[in-house]
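I've put the structures underneath this note.
The same chain A turns up in both complexes below, where it pairs with chain B and then with chain C.
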Partner chain A sequence: MTTTETPRFVRADGPDKVTGSGRYAADLTLTGMLTAKFLYAGVSHARITKLDVTAAKKVPGVLAVLNQADVPLVRFGSVADRTLFAHEVIRFEGEVVAAVAAIDAATAQKALDAIVFEYEELPVVNDIEAAAQPDSLLVHENWEDYAADDDVSRQGNIASFTSIARGDVETTLATADHVISSRYVADASHAVPIEPRGVVAQWEGDKLTVWSSTQVPFQARDGVCETLELPTNKVRIVVPHLGGGFGGKCGFHYEAHIAALARATRRPVRLVFSREEEFLAPDRRREGMIVEITSGLRHDGVIVARKARILLDNGAYSSDASFFPHMAVMHALGPYKIDHVYGEASSIYTNHQPSGSVRAPTAPQACWALESHTDELAKAVGMDPVAFRQLNTVDTGATGVTGQIYEEIGLQECIREAVAASAYHEDLGDDEAVGVAVGWWPSFPDASGAYIKVDSDGKGVIITGAQECGTGAVMTLPYLAAAELGMAPEDFEIVYQDTSAAPYDTGATGSQTLLNNGRATVEAAREIALQLKKLAAEELEASPEDIVLADGMASVVGSPDSSISIVDLAGIAADGEMLLGRGSGSPPESPTTPKTVSCVGDQGMNAWAGPQFSCHAVRIRLDRETGVVRVLEVNTAHDSGVIVNRVGASGQVEGGVLMGIGQALTERTVYGDDAKQKNAGLLEYKLQTMADAPPITIHFAEVYTPDMGPNGSKPIAEAPNVATAAAISNAIAKLVGRPVRLLPMTAERVWETLQDERA
Partner chain B sequence: MSLAIANSIDDVLTALAGGARPIAGGTDLVVGARQGKSPLPESLIAIDRVPALSTIEQTDGHVRIGAGVTHSRLMSDPLLVERYTGLADAAALIGSPSTRNVGTIGGNVMNASPAMDTGAPLMTLGAIAELRSVSHTRQLALSDLWTGPGQTSANPDELCVCIVIPQTPAYSGSAYVRLEYRRAMEIAVVGAAASVVLTEDGTIASGRLAMTAVAPTIVELVGASEAMTGMAAVDAADVIASLASDQAVPISDLRGSDRYRRHTIGVMAARALDAAARRAGGERIGVPVNRNLGIGAAR
Partner chain C sequence: MSETYELEVNGVSYPISAAMDRSLLSILRTEVGLTGTKEGCDDCECGACMVLIDDQPVNSCSYLAAQAQGRRVTTIEGILDGENQLHPLQRNLLDEGGVQCGFCTPGMIMSAQALLARNTSPTQEEIRIGLSGNLCRCTGYQRILAAVEKTATEA
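Moving on, here comes the complex of A and B:
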């Protein structure tokens, strides 16, 4: 495999962040700025009987109090089931009932206290299995009135349903040598970015600027335009430094609320969330899930058929979660060679906080269920779990569960290398075990744009719509531009995350930044390269095709003495035809759904563009008397194509693994009987800390992937979060004697499973 | 709100008599206020710059640990690590390095959380709290000081100036062990401390155990010494585990069910006894024992 090393990688935003000089949304101060606060419902399901803000408006120092009556009644979301403020019915505790702008936080709080908000409580829908029953109380009585994409299949509390069928599952299961069924249940969890979100809005005439800690500025802009009924060129979203997102800051959140307050008060307005608000209010949390999988096997260990049924907790509104059932089915069927499959998944409305994209949505939980089930299968036929996977998982040229035939992929290399780096075949200490799991994740080709200009001194600026959420993807763009132009990465500054300055990009979502904006940046750089070559050809009396750009010079090929510096060329260009490049390129084509598959509620997930594969091996130690599990080492291998930025990619793997350990062992959101969160804070929602981080080894299976990302690359940001919990589960099961069927596999749950095993 | 900075204990006592509340590291007070637990007091007196509160002194038969001594010092002070090791174990588990750099023993003791880490080892070491006001000084056993979760029998005008611990005898050792789900920023699910004195033949001459997060306050294990005297520690483990599980009155909350806590307090008690006895026997087990033996001090 070829390796493209980034010799060194200095993040342009690094010094600001580590020295504290970087400015985040909450750091912004504008003259006359007001403080915003929200009144939340604080009840999970209720009909509003009275909302009177008269007294609140009279509190001295309060300049505006708004509710749904003050903004257009626009429903939005992937199923259009949401309004900016609560409208008639409350469906989860974090719903915004009213928003206040006041001279300071204490005054804003006084106004909130003065709002008369009365409601009639309704029974809560708190359990997805009960909610899936046809006679269940409906979270949305008028669900049929909501607009949705024609492909979204809905019914009652089922906000989105998908099924995938290929071959003949029932007949094949009936004749299989072994049939194993498993059921796994995962709790909801959270993204928990270190920076609670901030939003600042200011109007100048009819033009609005919003500074927001969003991962997706263009989606935020579109949300403002949709809900406040504004044209896109009147709304500018700027993102200062973003303090992490992990999907929690995808989507459109509170930009329109604060814009409406700023318009009503004719003053700039700032909202900054507390940690508790960050847990309770946004429509982004990792969905709870119930996964049931049945597989049929031959005596020799070949999987012949598989069916899966999944229920997902959609929460009260649909956010961006309509595609989750389709994604979850793919993860429950897995990267295996099985000709007879049936999977179905329903995302169920409940009175919980809405689910939305959190790093690799649906994948860690569904992979955990499938890969734990896979070890059960291996055990049933007496095979080594690694050998079992090598027998049954896809390889180059193989046909996957939906009939997609894979071009060159590195899953087998991943399995081989992750296991080889681990202690899988070694003698282990007491109460230690190594668990292994495989995972996969798609790439998302999409439109994306960038400009580049090179000014008279030969210094460049990349002006990109892409959003840096901390991964370093945007910070890698100068390396790509520099490589095209024979310049140094340090020659480029980046203007980014500003919707009015730069062309469109989807944002820091779906691991797509380097895949799509990398392509755009390379395209833009190539335009400038052509200009430079043309200029150099004139100066050197050669043909443009014979000019090479390297080491800051334009030279005639074969005549190194005949050259001119790019700085000189830039000076010449500045007086005439300027060095301006623009790029978007054509997004790679997504494979079409194979004809052998029938699919209800198709959300475009049957066949994956640029599929990424991974294998994680995790060594743990179990304290048998308490159930406490400690992760001792994680050995990872990833096929994310050719690696463009090794430092950045490794950082993604390390972060994904640590997030995965948290999901495996400690991170869970607990709901009370009232459907409210019981642990909306960092004291009782247990993240992993640096003190818990184990040694992590990384192998990149650098399969050159044509027609995908720059240099034959595929994305990397979400994939490392897929298989860690699954591998930990398999290690625990080896020591306990059976899997722990609840996620996270908390110490108490492990201990209870040990008691069951002994009994 | 007003904040004054004291230079001497007398400054502090005068301020307390005037209704001020003391603040040292602020790791409970400020964090609690930010979480909305209870607002900051109207009047605060900062005690972290009072030199007399941050000394560790060996006196006749005792060690006096100033209330302002930080957890970072408790976990690394050579005398405490050598002779009062259980206390050092506990201090080393508190919060994060930054919590330990500003949080103090006086704050931990007077905050009176049933999940506090220094409480159980202090109790097994026979520590007493010295409280002082403008008018008097009194010494109080910890079991008399802690009256409920977050509640003490100290008067509002009294300052805890130091913790006094009797000198430990030869052939003695102590340890604190806690059940934790992660290795930093953790609060005890349950915890147990043990102090033991061995006879020359290695059997237990006397000992005390105390338990964390299984009752409204830190509680001492009743009858522990009688139950294990004359036994080798390894043989006493089961007896002590049962005693601990029997005497615990844990609640169910997000950190663990009562059933799980009742079981694990026994495990922690046995492990604390094991580590304390090994230390009493001369074995060097680094601080904190939680990290230097297996998970949660498992053997």
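Moving on, here comes the complex of A and C:
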């Protein structure tokens, strides 16, 4: 590698993926392997009156039938409200009642059919506003007894609550020139990775190996250890290639069920989900939400006060959703300079599938509500929506809604560049328009670790806790290590997604791999760089401080002829002190704002580390006869700091935008009166196809961000999913005359809004 | 009730003994032992299981294996060239950054191969329509489109 070339990013897993040789969890087979199937509750709220598996166990070819009576009664989750199998009360339709292991799928199905499962139905909690009332039927009786972090406040069906207060909202609103209130309602939606999840478990003595399609292998390991009461060093989670996640495969899911079946049968067991199961069962779904926002304005367009109230559909259990109210409030208050704010959000238990992390949890819905509201504000004072945002959004040195003062940020550049790339200022006729929205998202510093070894031939291996779900760890980590060592990315292989081989990492969640595992990998490479420099100094009779590593050589600075190849140094090291590096590094500290400036509920962060900013401008065409909206072009601009891997970062933006278009127009989970999903399939739950996909332009506002990710970077994977639906909403509102207040903005809803406007 | 028949996959003839109601996808993955063809929905909605039957793209989840007797089945494992070099579609998908998680990739390549076989210089719109039966959740399709365009231009 020469340092003057454009950095090369090699997708190390690429050849395996394009040739079909790559193995995903469902592709694994082990000798003697059994097939697992689950009996689901199929009812949203009920008390179990009978569960008899005697006949199921007698079906020939069935080796185990398990239920909650067969595993420790351990409650888990961010509020410990769940058990592995249904226990006494069913709270959503996808709850696992029993699990079968049999010689094949048909036999497993016979066993499921032979299970006697009887229950007494209870009324369902299906509406978050009703559920939030003090006299509502409770989803969890006596749930105050469940363990939870001390800062989770609980009351009735309120699973978690956060508020943000700063200044004096009520007085300021009372004296504002304009006060505008809006209400927006978003439906639930899904992550929909194309790979349905798979889990394979095998015991060897008292050691368990689980191959799982999880984004977070260490969390999966910890979940197995917690629920089956095992020490961490007895449980190894390995992730084969992972076929996408988008948050849907975060958390601990079915690893423990399959491990328990494998232990009971003393054989390997495999579970592979159908697409329907993928929709119905996991405790990961993007939550439905009701957002009410009121803003006070001066005649000159300055926003002087804002309050927001949000209800989130927590679903039946709390998985990882306890911090969602905070994220939702931040997105409803937004990246604006407002001195008087009050926001509160409650996540409400219902008898729906549990909510959990899906790419930028809460952000697309809350941003859609806020940014649609923002265009209503601009209209009220007769200002151009872009100029209105330029006047009111935060810039470097500005104070945000929680009192956080921003260091150098690129939001204004994002607005300028996204709009400049678009047809915003052109006359587009009666049926086309460009809508604009801004978004933001925090960074999540966390612990992470990596090892690197360089062997006698000068080839290296990075052993990392990082998880690759398509996002590019396999490209970027070798690049970072190579850059520290003056080597080529191709000189490194990576060993990853194996909890017994690598140090801890939080996994492919919170857009954190480059930020945290990138730091760990750089630290590990630096240890090897020190070793190489010391060795080279001895060979070249120079001081280690004068050695530079570049182009595969260690050279004395200023004397390029005095050099030795890294391959030769590796050969020397292999016979003595070996080239072994380890890295973790301290996670960047999160900024804080004094409690005297703002009052942020304990589940919240009163300042965001490394905030990322974005602006999306979306051009649409509206068919007024049908309400069908077609997206013609999306112009994006993102401040995710300095971009390390442009191909990888662009792929994240493009994928996030398309997911955003789906959320804007078609992706919607419909619940029946029985609180069950009515459209758990890809025909009825419509993803965007290549035929729908518009051209997407990208501008990166590369603001060097100190003390965050490697090379001045910030994360990128979730941020592109924040503002797209909001921008589409604003384009629709321009053409229709008013916003569509329901998400997704389906053709039917757009058409109905058109009729309302004409009436 | 099992029946015995022969299935030609990637130029190799395999004796199959299996129930007649088994899908081609299921037979390929379990009896033939080729797992490059993926199951994403078992409902003809995602295209991850796309294979070629006599050069026509088919969702193998919804096609009976027994129906493929006497026909040529081509899977992702069968499109490397004679020297085991990457097919231009495979190479260009990697060069253009059109692969992320990779789960849709085999099906996408098979659909693109079928498209380019019947239309050597497709327009962007023809590519969009031609690959609209293959869902990808990672890429936003931009770089897949670019890779297919590049392949057509090179041919």
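The working rule: the second predicted complex is superposed on the first by the 739 of 759 C-alpha atoms of A that agree within 3 Å, B and C clash if a C-alpha of one lies under 4 Å from a C-alpha of the other, contacts with A are read in each partner's own complex, and residues count from 1 in each chain.
Heads up, the rule we're going with is that a residue touches a chain if its C-beta (ideal position, glycine included) is under 8 Å from a C-beta of that chain, and two chains touch if they have at least 3 such contacts.
Only a predicted model underlies this, so the values are computations on that prediction, with no experimental measurement involved.
K.L.:
When the two structures are overlaid on chain A, which partner does A:Arg738 contact: first (chain B), second (chain C), both, or neither?
P.N.:
Neither: A:Arg738 stays clear of chain B and chain C.
K.L.:
Touching A:Thr746 in the superposition: chain B (first), chain C (second), both, neither?
P.N.:
Only chain B; A:Thr746 stays clear of chain C.
K.L.:
Between chain B (first) and chain C (second), which, if any, makes contact with A:Arg630: first, second, both or neither?
P.N.:
So A:Arg630 only meets chain B here.
K.L.:
Going by the touch definition up top, name the partner, chain B or chain C, that contacts more of chain A.
P.N.:
Of chain B and chain C, C contacts more residues of chain A.
K.L.:
Per the contact definition in the header, classify A:Arg582: touching chain B only (first), chain C only (second), both, or neither.
P.N.:
Neither chain B nor chain C is touched by A:Arg582.
K.L.:
Of the partners chain B and chain C, which touch A:Asp13 in the superposed model: first, second, both, neither?
P.N.:
Only chain C is touched by A:Asp13; chain B is not.
K.L.:
Just checking: does A:Lys678 make contact with chain B only, chain C only, both, or neither of them? Give me first, second, both or neither.
P.N.:
first
K.L.:
Look at A:Met690 in the shared chain and tell me whether it touches chain B only, chain C only, both, or neither; answer first, second, both or neither.
P.N.:
After superposition on chain A, A:Met690 lies in contact with both partners, chain B and chain C.
K.L.:
Using the superposition on chain A as set up above, list the residues of chain A that contact both chain B and chain C.
P.N.:
Of chain A, residues 681-683, 687, 689-692 contact chain B in one complex and chain C in the other.
K.L.:
Sort out for me which residues of chain A touch chain C in the complex.
P.N.:
Listed in rising order, the residues are 11, 13-24, 26-27, 192-196, 241-246, 272, 274-275, 469-472, 647-648, 650-651, 653-659, 681-683, 687, 689-693, 695-696.
K.L.:
Quick check on the complex: what are the chain C residues that touch chain A?
P.N.:
Residues of chain C touching chain A: 29, 34-43, 45-46, 48, 75-77, 80, 86, 90, 93-94, 97, 99-106, 109, 127-129, 131-145.
K.L.:
Within the complex, which stretch of chain A touches chain B?
P.N.:
Its residues touching chain B are 621, 623, 625-626, 628, 630, 665-666, 670, 678-679, 681-684, 686-692, 746-748, 751-752.
K.L.:
Quick one: in the complex, what on chain B touches chain A?
P.N.:
35, 96, 179-185, 187, 254-257, 260, 263-264, 267, 294-296, 298
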